[in-house]
Structure formats: C-alpha cells, structure tokens
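What follows is a set of structures for review.
Paired with chain B in one complex and with chain C in the other, chain A is shared by the two complexes that follow.
Take a look at the complex of A and B:
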C-alpha cells in the first residue's frame, strides 16, 4: 500500500493547517471506524448507510474518511416531517454520516465533538425542496485532538441551511464545508466563533457555490486567539455563470490577544455571473484600549472588562443561533473559554 | 479631598503638565478653564488613570491616598468618576448591561452587596427620567448611534448612579445645544453635596453659568496661571485666553 500523503502547508487550501505536522500518516491509516451516540426525536429515522451514497463534493480528508470508514450513521427525515438529532462521537477514527432531509421537512442537528484523539468525518447532507436544517456544532477544547470534519451540503429549490460552528481549539481542528446551492431560492446562513488559547488551533474553511440564480448565502465568523493559538477562516464563494440574482455576504473578524497568537483570514470570490451582489470583509485587530479604559474607569476590573469586550466582539455571531436554549448553551461555553483567556 | 502637588506629566515622552498644583475640599466645585492644548484633558486622564500618561514628578493625593498607585477600577471603586469628553461606543454591550456590570463591580470592590437586575433597573429608571433618557436608549448598545447630547447625558446618569465622591467633568458641554446643556447642568447640580467635590473642565464659560463654581483656575501650557472666584470665568470670556496669559506672564 502506498503511503498516504497528508494535506500540508504546501497545499494552498491547507496552508494554515498542516495536518502532516499534527499527526503521523501511519496513525491516520490505522485509525478505526468512528462510532457515535445518536439521540433522535420526532420523525427522524436512523439506519445503516445505504449502498449508494450521494455524489457530494468533498475535500482531501473527506475523501479519505469516505474511503476508509466501514460503517456510519444515516439519518433520514421524511417529507414535511420534523425532528431533532443529537450526534456525539464516542469512538474516534474515520467516520461517515449521511443526512437526508426530504421536501418540506425540518431537522435540528446538534453535534458535539469532545474527543481527544484523531477523528476524520465525512458528512453528506442532502436537503430537498423547501427542506430546512438547523445545525449547531460545538467542538470542545482539546490540546491533543486532531479533528477534521468535512461536510458536503446540497440544497434543492427553496431549501435553507443554517449552521453555527463553535470551536474551542484542538491540536488541529479543521471544519470544511462544501455547500452547493443547486435550486432557486436556496439559502445558506453560516456563523461561528472560534475561541482559542494555549496552543489551540481551529480552521473553518468554507466553499459556497451559487450554482443557480436567486440563491442567497451569508457568513459571519468571529475568531479570538490568545496564547500561541491559531485561528483560521478561509471562505470561497463561487457564483456560477448565469446564476444571476445571487446574493452573497461574508464577514470574518479576528481578535488577537497576544504577539504569539495568529489569525489568518482569507476571503475569496469567484464570480462568473453578471447580476450578483457580493460583499465581503475581513479584519484582524486587538482589544480596543479606549474601550478597555472606559470600562475600567467605571469600576470594571481589567480581566472582567477584557472578557466583556471579547463577549461583545462575538455577540452578533452567536446571536445568529435561532434556538434560545442552544444559544444559551453556546454562550455558557464561550463565557467559560473567555474567562480563561482574560484571567 | 484632592491634593495635586507640583504635578508633571508626560505623554509619549512629551511633557504636558509642568508643575500643576491644585487643592479641592469636600463640598467644593472647582472649574479648570484653558485654551486647547493647555493640558486639560491630560489632567482628567491622569486623574482617572489612563495608560500612557506618565507622572514624572509631583504627587496626587485623593482622600489621603496616593492616587497614582491605584488602577483605574480601584479609583472608581473609591469614588472617583470621570465624565469623559468622548465616551466610547461599545457595540455588543447593551447600555443597561454595562451600567449594571459597572455598578456591581464598584459595590463588590467596596464590600457592598450586589444589586440584582430588577433592582438596578428600578434605580436606573428613577435617575434616567430626570435626564430625559428613554428605556429604548438603555436597550441599545453602549453609546452606539447616540447623539453627542445622549452620550453626555448617559455620562451624567452614570455619575448619578455611582454617586462618586469626586466627579471630574471633562468638556461635558462640548457638542451640546442650550437645552441639552441645561438638562446636563441640572443633573450635575442635583448631585452637589457637602460630601462631594467636583472638578469641571471646560474651554468655555457658558457651562459655568449653569454649574456655578466656587473656584476657577486657568490652565495654560501645563500650569495654573491664575485663580479666582466665579467672576474669573466672566473675565476670561470678556478678555480671552491670550490676554489673561499675557497678564499672568
């Protein structure tokens, strides 16, 4: 068997997330098949993976996961039905998950990644006409974990995908999304926060394709990096030829807390249609000293003032989570991480 | 209450205050007037403890303690309040949440019991009314999109809530029309008390028609060059800074 070549910094798309530096190829090759604890409610049906999988686009590691995982999870929700699913990885390794939300159905998917080993998961998500998926992923801090999640998400006409990714850092954490807006009126709304300290790493790489016209995408990502951590956001938006009336917005902002931390933001636009609206912005800054002084002059201790400003920085991204309970959960994790960063 | 003695302060290596002395007793309202660049804002910032304002010599004693040794939050907890000329805008923090956080941080530092959200709301409502601050304004992000007058009124609201022992008002009149000025001045006057001292820093005499000081000091090139009663403010207005500086030389 020829040795596996892991994506590394010489590969443009993995420039800021050198997998070869984080794990031995042998460990990747010998990793077992991942296992989940799955809780479902409502009309969600769970079954083994089907023989024939959809042909979604995956990144390098997603292809590896799909090839190596011998089993996986298949969640299916029928036409017009509703349900929720909670996915938690219990055994690390290569994994494969298929999620199918049929026409007019609504699924809320919560995903927790709290393991401390190597995990490489390929997700295939198919949304039917007017289907809706609300997806929340929380990845706990884990200095030894190497985790790659590669999502291929295809949306039919009028379908809506809303996702929030909260990542608290790993040795290497890569969340890669390939989203195809394939039907008119389809929309994807992505948001996320990365709150990193120590030697934490978190990379969110998105590729949204507006394949047809009158599709919409928004992205709002906020990254905070302290210690020797590294936060990465790469977002590529492609608007296909003839996909007129597409609307795409992308914002990524970073807050650097020290000289040894790093944030890399890379927005990218590829527009082949004429009549589209695309707006993107990226900026990295420090905590504003004037704001810090203002708060302190009103009696707020420095560490509390720093935490308050960091929370304020993340506010609009977390506010994108529609579900109040889930939003409160994410806030409590974010606040715990901020307290550590500002101590 | 406040004893400033031969204070020299440098900002970025450049000396701005060059031997300033000032003494304020409890119950008194003092005004510092001076032209642009005389060091007025430097004085307010050094009193509040802003970074980058280096005391090269001299001393500041506040209620008998060395003020320079305290962190800004410690000064606030000990009753010092600076109403800023340019209050900062902080998106993502609601005004109400900020006020509650600050009030309770001060209380905690003093060993007082914290006030719950409802208690703070009640307190704020009561004080906000007199300053024409609406509930809607308190729900907005701190100072974001506030007009100049709204920002200044919010500063005075905080002053009313924190009940400082020494309040410093830095150019509180700048950017205010006459109606807003009256509202702000009424708010300040309501806080005058025998236990509380105030230092009103201003370029123009106008504010001092409404907040009448006990003493007026003229600051020029980092030093107090003339002192007097409230009539000094009128003299300044009539003669202009240039003449007063010339007379004092």
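Take a look at the complex of A and C:
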C-alpha cells in the first residue's frame, strides 16, 4: 500500500490550502472515527448510517472521510414534518453524516465544528421535493487544529437550502460544498463570514451545479484577515447545457487588516446554456478611507470608527441567517472575534 | 454596410473564410521532426553566433524534460512534435531583398489579397511594415526614417547579428527559457520575429507593424518578438494575423517579450484572425502563445489590446509584471469563438512595485459549439502598497450549445491594495435584436451591431486603422450564428 498523498498547493482545488503542509499523512491515516453529540427536537429521527448511501459528489478529503469512518450519524425527517437538530463533534477524526429531508419537510440544522487536532467529515444531504433545510455552521478559532468538512447536497424540485458558515480560523480550515440543483425551482442561498487573526486560516470552497433550468443560487461571503492569517474563497458555478432560466449571483469580499495577512478569491463561472443570468463580484481592500474620514470628522475616534466599519462590512452576510436567536448567537461570536482582532 | 460588403466577399470567394488560400512558392525546409540537429540547422541557416546556438540547445534539452500543460479548458488530439517541420523559408529570400521590387511578386500578390498592400500602407497609413512571410522577414520599410530617430526595428535574426549586446541583455529576461512548455519550445526553434529598440526619450515616429502569416503546409511558426522601450520612450506596436486555409492542424507557439524601462510606454495591439477550422471543427491553427511585459522601471506602462477571432485553439495570456513603482498595466481583450473554436485566454497582473495600477477589460463571445474561457490572475505582493486593480469580464452567449467560462484568481497580500472584479454572463437581449429587425436591419447586421456595442470599450483602445478592420472581423466571425 502506498502512503496517502494529501491534497497540496500543486492540486488546483487546494492551491491556497496546503493540507500536506499542515498535517502528516500518518496522522490522517491513524485518525479515529469521529463521534457526535446530537440533540434533536420535533420530528427528527436519528439512527445508524444505512448500508447504502446516496451517491453524492465529494472532494478529495470527503472521499477519504467516507472511506475511513466506520460509523456516523443519520438524521431523517419525514414528509411534511418539521424539526431541528444540533450536531456537535465531541471526538475528532474521520466522520460521516447523512441528512435526509423528505418532501415538504423543514429542518433547521445547527452544527458546531470540531475541536481536536484533526477532523475530516463527509456530509451527505438529500432534500426532497419542496423540502427546506436551514443550516448554520460555526467553527470557533482553534489555531492548532486541522479541520475539513465536505458537504454533498442534492436538491429536488422546489427544494431550498439556506446555509451560513461562520469560521474563526484554524491551522487549516476547509469547508467544501458540492451543491447540485437537480429539480426545477430548486434554490441554494449561501452566506458566510470568516474572521481571522493571528495565524488563522479559513477556506470556503463551493461548487454549485445548476443541472436543470429555472434554478437559483446566491452567495455572499465576507472575509476579514488580520495578523498573519489567510482567508480563502473559491466559488464555482456550473450551468449545464439546456439549464435555461438559471439565475446565479455570487459576491465575495475581503478586508485585509494584517500587514502579513493574505486573501485569495477565485470566483468561477462555467456556463453551458445561453438563457441565463450569472454574475459575480469580488473585491479585496482595506477599510474605505473616505468612510473612516466621514466618521472621524463627526468625532468618532479612529478605533471605534474602524470597528463600526468592520461590523458594517460583515453585517449583511450574517443578516442572511433567518432564525433570530441563531443570528444573535452568531453575531455575538463575530463581535467577540472582532474585539480580539482590534485588541 | 459592413455586413453587406462582407456577404459579397464571402460569396465571391465561395468560402466562409475570407483569407483561405495557399500561395505556391518553393519552400526550403528543415528536416522533419525535432532534434538537436534541427536546432543546429535553424541556427546555422540564420548564421547565428555560437552563444545563440548554445542558448537554443539549452532550451531544447530543457524542453525534452518538460510536459505539455493540460490545465487549460481546451481539448485537442495529442500533437506529434516529430511529425512537423520547424523551419521553412521562401527560397527567393536567400540574399535578402533590397527594395520592394526585389520581392517575389507572388508574395506581393498574397499581401494584396490580404488587403495589406505594402506600397499603399507605406504611403497612406504611414505604417512601417516588417512583413513576415512564414519564417523570414522579407520587407522592412521606413528603416531610414526610424533610424533617424534612433529606433531599431528589424527581424530578430538581424538583431542577433547586429546588436548582440542588446539581445543578450534582454532576450529571455521577461519570459525565461524555462518558463513553460511552449515558450521553451519556441526558445529552441524560433525562426524569426521582430526586434524593436526605442532609445531613451524617443517617441517612435510611427506605429510599428508586423503582419504574420503562416503559409507552408505542415510547418509550425515560432515567432519571437522582443521590444525594448528605454527610459522615457514610447512605442505602439501592431500585430495582425491571417493564414491560408487547409485541413491539417498547425501549431503556432510564439513568444513576445516587452521591456519598459523608467517612464517608458509600450502599447501592443493584436488582431488575430488565423484559420479557425471549418464549420465541422476540422483543421485550424493551434495558437499557444506566451506574451509578457515587464514594467521594469518606475512610472512605466504596458498596454495589451487583443482581438482574437481566429484559430481553432487559443491559449494565450498576455501579462504584465508591474515591477517599477507607479507602473501601469492594461489588458483589453475581445475573444470571439464560433463553430468548434476553443479559446482559453486572459491575463496576469503581478503587482510588485508600490502604487502600481492595472486594468482588465475582457469581452468573451461564444457562438455555435465554441468554448470561450477567461482565465486571469491579479496578484499583489506584500511590498506593493497602494496597488490598485479593476477587472471587468463580460461574456456573451449566442445559442444554447456553446460555453462561456470565467476563472479569475485574486491574491492579495497587501492591506493597502484594492482589487475589484466584476463578471457577467448573458445572451443577446431579444428586445435589442427585435428593435433592430423591426427597423429593417438584417439579422446578421443586427448581431454585428449589438456585439460591436458589447465590445466597444475594447475596440476604442485599438489604433484607428486596426479598429476598422476589427469591427468588420467581429461581424464576419459571427455570421450565421443566430437563427
């Protein structure tokens, strides 16, 4: 058996997140199976993973996780039912999770990313006709950890997936989403904030496929990188041949605060149908000097003015979270991270 | 008007490709295949000094160890490098013509068919033409006027002979011998190309222009262009291309190097209209080009403008290294891909110096079953404070079988840098088309009009005589793509 070759900067998809540099292959190979604490309410049923898993698309590490995890979590919510689930990783390692939301059902999923040296989780999510999933993931700062989450999400006709990813950095933190809009009227709305300081790293990599027409996707990601941190966003949108009426918007913005910080953005469009609306925008910079000047001219001290503008920069991405309580929770974490950055 | 005229021309030629013809001239070829012997043959044929031969051989040996890149979004049958000719020269040019009268009348005829009568251009347009017919430059005009200004404009083989110090200093300094597979191949076997040196403080008195033309069947063309603008100099360089029609795929791997020293400016414009293959995707030119400019001095500027309508496959990323403080890089591009054409093109802007600025405007148009990709990089080095970039990338799709792709990379490592990128993909609006049709404008002409409007920001950057040609080309390239 040849040793595991970890994705590294020579692999296009991992150009800005060199896993080989962050962890030894031996540590990946010897990692145990991850364990979860699961709280459910409403009509959510929890059971062991079924023997036959849905055939979703995964990235390199997702495939590794799926192959190495010996057990996992299976959450299921029946037709037209409602419920919430809270997932928290208690033992890091390779993990596997399956979430099935049946036709017309609604699930709110809250997820807390792992602590521990190395976590690598493959998620498979299947949404039935008109099903809805609200997904909020918080990944606290942990600058010694290496964590990879690889999501495969498939949406049937009229299904909606709304997700928010708040990442406060790790030694290497990678969130990878493969979303397939497979039924007409399916929609995916992603948002996220990465607030990084010190030597933190956070990489959000998305690939949304508009497999059929009249599907919609939006993305709004905001990155703040202080210290020597590195924020990464890679977003690919594919519109299949004949998927007319697809509508896709993508925005990624970075704010560089540290002298030695780095932000890398790679929005990507792959369009094979002509009757589509696709646009992306990306920008990196410092805080707008004119806005700063405006605030200071009105007597707001510089540090306060900067903090205000940073909050304003992140706010619209966090505002995408529909649930008020969760939004307030996420926002308080964002505030704490910002305060630490300014300190 | 343009569309009507074009249709007549096309009908007259009985072909869709306006420039599809082969001039039958006895060729002098290098032996088939690529070996050290081929490299030595080319070098000897050019009467090159020992150092140049060594340079080529070094590149050849390196190339042997390299692999063809496969990351671009283009697909083609593997190229058999052993089954091609690497050098072809018109025999009659053995002694080199002293004036136009000495030039083979068949060549002149070819140029006339192409619509670039040398006499007329010399007299009317004031353009000095260093025309390249296959591999050897056969006519250089306005030399006297240029040398009066101190500008050197000559075939690169002449420059190697007459200005070895300049060539040694700059050749391979922007695109290193080992840069990439195709550039290294070019370094080993390049046969000719242009050399321009504009001395300190000189504004080149005219637009410089080279017409490239691939002619002999089965020969790749490996042009090498080196342009140096010394401190405070200015030069505008035009490159236009057409090629005769044939079924065999042809490899073209050129290298263009630009060096702008302190306060210098180079404007490089290209209209590329090589044979794109027929409507079934058979044949056409493989255009694998490495173009790079180095803003070496402070306050220097390099501007690339390209109109890419031809070639079966285009693999081309004219780039700028913004090394000098306050230097400026620009990239204006129109890439049109129709039928089975594949274009993967874009730019790289490397911000190294302080207060460097770059601007990228890219317009991609796909029709038929073509695939058109914009691939670009904006990278800001930690030292490059106050760097500024603006990128706009628009794609237009005509028909449901083609593809438009956008792959921009943004890498910022300086907090004071500002980078902005915008991209859109859409189709020709029905209402615009309807508006034109309802006013009696024929469909082809309406498409040409709308697309020209879509491309306007780029077309405006072209020198006047090129802009007119380019506007017509946009129309010709898209004929019959709607409806």
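Following the convention adopted for this analysis, the second predicted complex is superposed on the first by the 340 of 343 C-alpha atoms of A that agree within 3 Å, B and C clash if a C-alpha of one lies under 4 Å from a C-alpha of the other, contacts with A are read in each partner's own complex, and residues count from 1 in each chain.
Everything that follows uses one rule, which is that contacts are C-beta pairs under 8 Å (C-beta built on N, C-alpha and C of every residue); 3 or more make two chains touch, one makes a residue touch a chain.
The shown structure was predicted, so the numbers you read here are calculated from the model rather than taken from an experiment.
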{"item": "Fit or clash between chain C and chain B when superposed on chain A", "value": "fit"}
{"item": "Contacts of A:313 with chain B and chain C, given as first, second, both or neither", "value": "first"}
{"item": "Contacts of A:301 with chain B and chain C, given as first, second, both or neither", "value": "first"}
{"item": "Partner chain in contact with A:293 - chain B first, chain C second, else both or neither", "value": "first"}
{"item": "Inter-centroid angle chain B-chain A-chain C after superposition on A [Cα, multiple of 10°]", "value": "80"}
{"item": "Per-residue touch tally on chain A - higher for chain B or for chain C", "value": "C"}
{"item": "A:258 touches, of chain B and chain C: first, second, both or neither?", "value": "second"}
{"item": "Per-pair minimum CA distance [chain C against chain B, superposed on A] in Å", "value": "14"}
{"item": "Set intersection of chain A contacts, chain C complex versus chain B complex", "value": "none"}
{"item": "Partner chain A, residues of chain C touching it in the complex", "value": "71, 382, 395, 397-427"}
{"item": "Footprint of chain B on chain A - complex, ascending", "value": "288-291, 293-302, 304-305, 308-309, 311-316"}
{"item": "Residue ranges of chain B touching chain A (in the complex, touch as defined)", "value": "48-51, 71-73, 75-77, 82, 84, 87-88, 90-93, 98, 101-103, 105-106, 109, 158, 162"}
{"item": "Chain A to chain C touching residues, read off their complex", "value": "12, 241-242, 244, 254, 256-286"}
